[in-house]
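In what comes next, subunit A is part of two complexes: it sits with subunit B in the first one and with subunit C in the second one.
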Partner chain A sequence: MEFYVLLLLWSVPVVLGFVFGQLAEKRHYRSIHAREKAMLYLPTTSGKLPIMGGQAVRCELVTGSVVVSVDHFKRAAAALRGLVGGPVKSYESLLDRAKREAVLRLKESCGSAHEIVNLRLETVPLSKSAQGGIGAVEVLAFGTAIYVAGPA
Partner chain B sequence: MKYAPSLPPRNDNVTREHPLKDFLTLLAGLGALALLGYFILGLLVDAVVDRMGPETEASLTRIVAAKAEPAPTAGAEAARTARLQQLVDSLRACAGSPGPATVRLTNSSVPNAVVVPGGTIYVFSGLLDHVRSENGLAFVLAHELAHLSHRDHLRALGRGLVLYGLAALLTGDSSALASVLAPVQQLGDASYSRARESAADAMALQVLACRYGHTGGATEFFEALRARDEDALPGSHYVASHPAMGARIAAIQAAAARAGMRTGPVLPLPFAK
Partner chain C sequence: MLMSNIEIIPGKTITASHGIVSGSTVRAKHVGRDIMAGLKNMVGGELRGYTELLEESRAEAIERMRSQAQQMGANAIVNVRFSTSSVAVGAAEIYVYGTAVTVA
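Entry: the complex of A and B
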């Protein structure tokens, strides 16, 4: 009897996590795709030197960060995967979304810049040690926005 | 080289599989492994419980033993409890009981009796309405004593540990493991293995034959339950679709016939209802 209660206690958050997690992920990806297309005009590279040329008049540090929570479905899938090893596929989309969202926020914070160089990404797991906590991940994108003289 | 803005045609960093595929494949595979593990470890528990010495049994039983409620000191209930206790004590030698058994009478209309680790037998007052003779009552009490002699509480404990251990391994949640050691684990309830119930029935039959010299009254309680079920839902097909009581009665009668046990005159109940 208690075993079925235990099973229920385990499966309800997993089902909820699947339903709402997948909905949220689909919505997020739709937003990401649209905004990436819209921000395509702003070149962003990880190199030290500008690629667009022009006389730089101003450059500044720009950042964009996002915190995305793991849902119980993804965590359960990862826990099962952890027993046998192999690629944790359920976390792939989570980190992909977080990284792209952070870069998008960075670009949106300096929409009038000419280009962005030195783009770096940092990933920080949150509430890793909290007992029973579900965990979340923060991705921080930072880089140098370059403004040039005259019309970009 | 001129910079040309473009988006990558596709993203190879994220799986294009449906998220459920990976999850369900793993769950099915690990679930099957866990079932197999439960089966094998369950057999191992039985083997260990069968082979352990009386000292180990006693010290393990102490972990899960529940303390009996204080006995009623006066009134009709005290007298009835005392008579039930005498009956159980007279059966203990025949049942090969590992330790003393204490009887407590519980007010409940449910016709049932349960035994908890530590040797306390709870007789629900509803049971007394469903037996007509001392022999019929003795069979039910002997059945509970048989659970103790068979160390069924240790089997339940061992299987519980295996089950919750596997569940904790699979779900990563070990909080339920502690509940395995919860003191009161009812052994007589229906969720417990049918095989253990049949074994207890078989031993109870032997105890009855040992104590009274015959097996009269052995099926009295189950027949009363069967009659009650028939009353509740008229039509003989109901019994056919729920053969639990019928099967138990048949098994008891077959075992008695095989052993050449005879029925005899039953004694009246040792107290007024």
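Entry: the complex of A and C
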């Protein structure tokens, strides 16, 4: 009897995570793809020198950040993966979404800029609050937005 | 106050350098937010409460750096970097630093 209670306690969050987590991930990827397409006009480089010409008149430090956490299904999948090693797909997609979301927020915060130079991404694991707590990471994107005189 | 994370301010020339300026905050998270985050954790995804919390703290750290630069008589900060570390359970330090300069 006790065994079944424990099994239920373990499996309900995993099933919930699987159903809602996968749905949320699909929805998020759809929104990322649409917004990335919309922001394509804004050239971005991780180099320090501007790639577009033009006389810069103003620059601005811009940031975008997002905190994401794993769901119980992803955690369970990663734990199973840990037995045999190899790529942990469930975490890869989570971090990929977080990074793209952070960059999108950065771009959306300066939509009228001419270009963005020196884009940097930083990933910080936030401490797990307690046993069974949250494994959350913050992704911060920052860069310099450059505005030029006249129409681009 | 102009800020950039490259060595120059595009379109301007640096005439004087005043040295390093920095700002930091240590923020603890809110119990209510933590409980909400725990619920959200069931399905994973973004923890909006934490995103906002860290964004507010970052804005405050930048503000502190800005006032320090102002005291030095600078009008721009170049090479700004961010660093975040979790110092204790439930608390994070946000540190931002750069070089205060005068541009013309």
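Methods note: the second predicted complex is superposed on the first by the 150 of 152 C-alpha atoms of A that agree within 3 Å, B and C clash if a C-alpha of one lies under 4 Å from a C-alpha of the other, contacts with A are read in each partner's own complex, and residues count from 1 in each chain.
Note that in this section a residue touches a chain if its C-beta (ideal position, glycine included) is under 8 Å from a C-beta of that chain, and two chains touch if they have at least 3 such contacts.
Please read all numbers here as calculations on a predicted model, not as lab measurements.
Once the complexes are laid over each other on subunit A, subunit B and subunit C both fit without any clash. In the superposition on chain A, A:E36 makes contact with subunit B only, not with subunit C. With both structures placed on the common chain, the touch criterion links A:P50 to subunit C but leaves subunit B unconnected. By the touch criterion defined above, A:R58 lies against subunit C but remains apart from subunit B after alignment on the C-alpha atoms of chain A. Set against each other, subunit B and subunit C touch different numbers of residues in subunit A, with C touching more. The superposed three-chain arrangement places the nearest Cα atoms of subunit B and subunit C 15 Å from each other. Residue overlap on subunit A between its contacts with subunit B in one complex and with subunit C in the other: 73-74. By the touch criterion given at the top, residues 2-7, 9-11, 34, 37-38, 40-48, 50-51, 54-55, 58, 62, 80, 82-86, 88-90, 92 of subunit C touch subunit A in their complex.
The touching residues of subunit B, when paired with subunit A in their complex, are 3, 5-7, 11, 13-15, 17, 19-20, 22-23, 26-27, 29-30, 163-164, 167, 169-173, 176, 179, 191.
By the touch criterion given at the top, residues 13, 16-17, 20-21, 24-25, 28, 48, 50, 55-61, 63, 65-74, 94, 101, 117-118, 120, 122, 124-127, 129-130, 133-134, 136, 138, 140, 142-144, 146 of subunit A touch subunit C in their complex. Here subunit A touches subunit B in the complex through residues 1-3, 6-7, 10, 18, 22, 36-37, 40-41, 43, 51-52, 73-74, 76-77, 79-84, 87, 89-90, 92-93, 96, going by the rule given at the top.
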